[in-house]
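There are two complexes below, and they share chain A, which is joined by chain B in the first and by chain C in the second.
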Partner chain A sequence: MSLRLKARKYGVAALASMRNRTAYMGSLLGDALSYALFVFVFSRVWTAAYAGRDEIAGYGLQQMIWYFIVAEIPAFGFGRFFSTLAEDIKSGQVAYLTARPYGFVGYGYAQGMGKAAVDCAIYVALGLALGLVLAGPVPSGPPLRAAAVLASLAAAGSIQYLLQLALAMTAFWAEENSAFFWIYQKLKLIVGTLLPIEFLPEAARRIAAWTPFPSLSYAPARLFAAWPGDGAALALIGTQLAWASIAVLACQAIYALGRARLTVNGG
Partner chain B sequence: MPAITVDQLTKTFRTKVRPEGLGSSLRSLIAPEYRSVEAVRGVSFEVDEGEVVAFLGPNGAGKSTTIKMLTGILRPGSGRASVLGLDPSRQRTALARSIGAVFGQRSQLWFHLPPADSFRLLGAVYEIEPRILALRKAELVERFGIADYMDVPVRKLSLGERVRCEIAASLLHEPRVLFLDEPTIGLDIVARREVRALLSEIASRDKATVFVTSHDVGDIERVCKRAIIIHHGIVVVDEPMKELRHRSLSRKFIGVKYAEPVDFDIPGLAPVKRTPTAASFVVDTERLRLEEVLRALVGLGELEDLTVEDESLEEIISRIYGSAPGDRP
Partner chain C sequence: MHRITHKPGSSRRRDGATMDGRPGRLAAYLRFLGVSFVVNVQAVVEYRVNFLAQVFGMMLNNAAFALFWGMLIGKVGNIGGYGFDDVMLIWALVSTSFGLAHVVFGNVRSLGRIIQRGELDLYLLQPKDAMLNVLASKTVVSAWGDFAYGFLVLGLLPGFGLERLALFCALSITGAMIFAATFAAAESLCFFLGDSSGISSAVTEFLLSFSLYPETVFDRGMRWVFYTLLPSGFIAFVPLAAIKSLGWPAVALLAAIALLYCAASYGFFRLGLRRYESGNQMGARL
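Entry: the complex of A and B
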């Protein structure tokens, strides 16, 4: 079998998932409205927080609002895989996916990214429009920033999907695993989504640097709102890629161990 | 070489017991209790290439668990399974290229997309060249009469239309063995007839080995040449359909209706149902001669109607379920 045909299945899976996502425009618009509302509310919160101050932890108000707009794109676009994945594993439905000639992790990833690509395209367009209205002009940065942000968003989404899959796969052992996701969500929120990591106390920032959480929202948002320089940008994306690789290996290992424990409801 | 070989296959599920009451629930957090359920308890059989076999059994008999072990979805507890010379649990991906599977309770079609999209995706999954896929798809669409549904979202199709698309989709990669788990479940009579006709055609035209589990005796009567009956996780009958039907020859169902009330007092023959003027009997022809029974019934009074019927396949199978050994411990 040619490599082209092997790779094609993942591309077609992503495209089918994109088409599936656009089947209900109402659902897409509802999610877009939630995102817009969230951005609007927090832009007001930050405006109040910056009253009488030019900057906090190196970020000006305009940069902060843009940071939040970009940080929420992976949070909204890639943040909701866990429930479906965990439920499929608990009910045994995932077993049916294993009887086909594809890699389980890769195929699920392709489908997840297909769906998220549609969502993220809408959030990017909406985010830019909201940012121009609520924050003003886009913060300055080099021409290659757009490509770097898009690459960083893709890496952030990949890590988010893989971490959620890894957490969902704990259902092979734990009957109730939503607590793991709850902890993950809260850490993700504090470390880089609601606040840039520069806002954290020094000790917490040092610890956070050794976790994947800054790679989830902080990296693309920082690159967009406060370009850290070419070298630091490369380091941020490199760290994301390293975490993505670790997450892939973790998922493969958990799946290999967990598959033997698969039972299917109703036989 | 047999297409399917199953040797002493077992599967036991371990499920957590949830006792009643808050105290018991709290105790179960510290010391959880588990119950083992033996779904399959040493099943053995062989299926030759090109055979069309019915795998029957009541609910919870172990049919679906066996088919899931044969398709690589579940790992057996012990024993050996081989499909086309491959071990389903260890060589799952290689096997997946040569088998097709339709699970009546699990769709392989995307619910919000038209079947054409799912066909395209399945073609890619099985690594079929797009040009070959287009030809294969066109052939199946024509054979299965699904051209009108190919661009309609699956959610808008009737169950019968969906099942036809499901079966067509499972044949895209020309599987050598086709597993069908309850393919007619939930279908009305017309749709069932259509699906049975398609299965017969697959068997005769595609020369594929077909392994069907079903509750519906009509499915197997018209499509299959051999029946394997499983009950409480063990094989209780494995014989050609012809022989299974022959079991009916020793049992006759007789119905009689008289013009006036009669006394149904015939030595050795009690009616299974009766009114003052009518009755029905089940006659074991190895014990009683049919001719003598009929003569006795004719002699009881003025007959208005008399029917003699063979036992239906459904009744034969129900009887087998009822008398099967190996009840759960």
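Entry: the complex of A and C
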């Protein structure tokens, strides 16, 4: 099958997922409200933390609130795939999916990204409005920054989806695999989501640099709130792309191993 | 669909008594809560691995926030006058209260869905009070992790002693009552609105979020909310002051306030029950 046909097939899957997401406006609004509440509460926390200070760990108050607003977009938009994916495997739904004329990883990715695109569009618009009210003007940066942040958000979302899929596929071997996801989720929260990695102790920061966690929220938030310079920005995005490639390979390998263990009974 | 008319006070027992304030009934209801609790526990520990994974997972979730506060307060000293120990004490109180509310009244945040689907019929036909019965008929597994986490944090904080532990237990019970009453009232909106899931989940998010952060970070103009609609003040901030000063008189005051919230929530549920429409659904409790 040509690449163009493949792209069309997965494009249709993403589009169907987008339509499905927009059909439930109540759920969308509920998630947006949670995001807004979280941003509001943390903007108050940061305002109190900065009382009598101009900067902490290299960030000013305005930058920190903007950082949090952007870091929470991938956390909210791409952070909740695991339970559905794990359930697909535990319930045997995966047997139905593997028999279809599409790749299991690619199809799931297209579906996940379609839904997340709708969510992220809302969070970006809401985040900008909240930021202007709670933090003030957008921190300064070069004209290319918007494109870099969007690319970084897309890469962050892709890595988040793939890592969650990899963890979900441990259900081929372990019946109860939620604990793996919880550990991943908490590491993600601490390494770059609630706080920039500059807040971590030096040793922890050095270790974190060798993990995918700074690519999940820190990279886009840092690019938006405190532009690190063109070279460092390219390095951040390059690192994200490297982790995305590793995650794709890991998912394909885990799926191939897991599929071999799949036993289908009945019809 | 047909309407079941259910007037407040009409939940007459087999012996003809109502639950309204009779001392003998109180003991019977406490026994009933005890039995429900034991049955719920037996049901969840049947899946031991799942139970332990969820309990420790929730404790891990809470511990992640402890790391956040540790790193942040380590950089700035305090947040709005709250040091690390203060914030952790708030987390301990809120976590144990929230956990206890969901351990004992596991259906408290499913009440709206139960009303909406007409599944309340099952409880209306049973001899015990419908609201208490429905709330106590389930336990939330992950809430056991919340419940235990508070005690763990309290034990690790400086100044731990028997008196502090006793005060903490008393304040967690009043906190759990206020949590349960507020959530149940929000879920009971379903009687009036049909689908109140948006409002009730917002109440949950707001109440939790406002309870888990220092009161002083919020503007003075909005703090009245913490002592009325979203009673974070009575769940976290007043208990924090009481524990720090070992102030037992606050327990009596908070117990009275908790009873007031419970009575208001119960009254609201009974008011809504008049509007309840059966789903004609067949069901059984096993």
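As a working rule, the second predicted complex is superposed on the first by the 260 of 267 C-alpha atoms of A that agree within 3 Å, B and C clash if a C-alpha of one lies under 4 Å from a C-alpha of the other, contacts with A are read in each partner's own complex, and residues count from 1 in each chain.
The rule is short, and it goes like this: a residue touches a chain if its C-beta (ideal position, glycine included) is under 8 Å from a C-beta of that chain, and two chains touch if they have at least 3 such contacts.
Nothing here was measured: the structure is a model prediction, and the numbers come from that model.
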| item | value |
| --- | --- |
| Clash or fit (per the criteria above) of chain B with chain C on chain A | fit |
| Which of chain B and chain C A:6 touches, first, second, both or neither | first |
| For chain A as apex, the angle formed with chain B and chain C - C-alpha centres, to the nearest 10 degrees | 80 |
| Chain B versus chain C as contact partner of A:244, first or second or both or neither | neither |
| First (chain B), second (chain C), both or neither touched by A:101 | first |
| First (chain B), second (chain C), both or neither touched by A:260 | first |
| Partner chain(s) touched by A:26 [first = chain B, second = chain C, both, neither] | second |
| Chain B versus chain C as contact partner of A:16, first or second or both or neither | first |
| Contacts of A:56 with chain B and chain C, given as first, second, both or neither | second |
| After fitting on chain A: smallest Cα gap, chain B-chain C, Å | 7 |
| On chain A, the residue positions that both chain B and chain C contact, one per complex | 175 |
| Chain B contact footprint on chain A (complex, rising order) | 1-2, 5-6, 8-9, 11-13, 16, 19-20, 23-24, 93, 95-96, 98-102, 175, 259-260, 262-264, 266-267 |
| Complex contacts: residues of chain B adjacent to chain A | 13, 16, 39, 60, 62-65, 68, 71-75, 92-94, 96-97, 101, 103, 105-106, 108, 110, 112-113, 117-118, 120-121, 124-129, 153 |
| Sites on chain A touched by chain C in the complex | 26, 29-30, 33-34, 37-38, 41, 44-45, 47-51, 53, 56-57, 175-176, 178-179, 182-183, 185-186, 189-190, 194-195, 199-201 |
| Of chain C, residues touching chain A in the complex | 49-50, 53-54, 56-57, 60-61, 63-65, 67-68, 71-72, 75-76, 79-80, 195, 197-198, 201-202, 205-206, 209-210, 213-214, 216-219 |
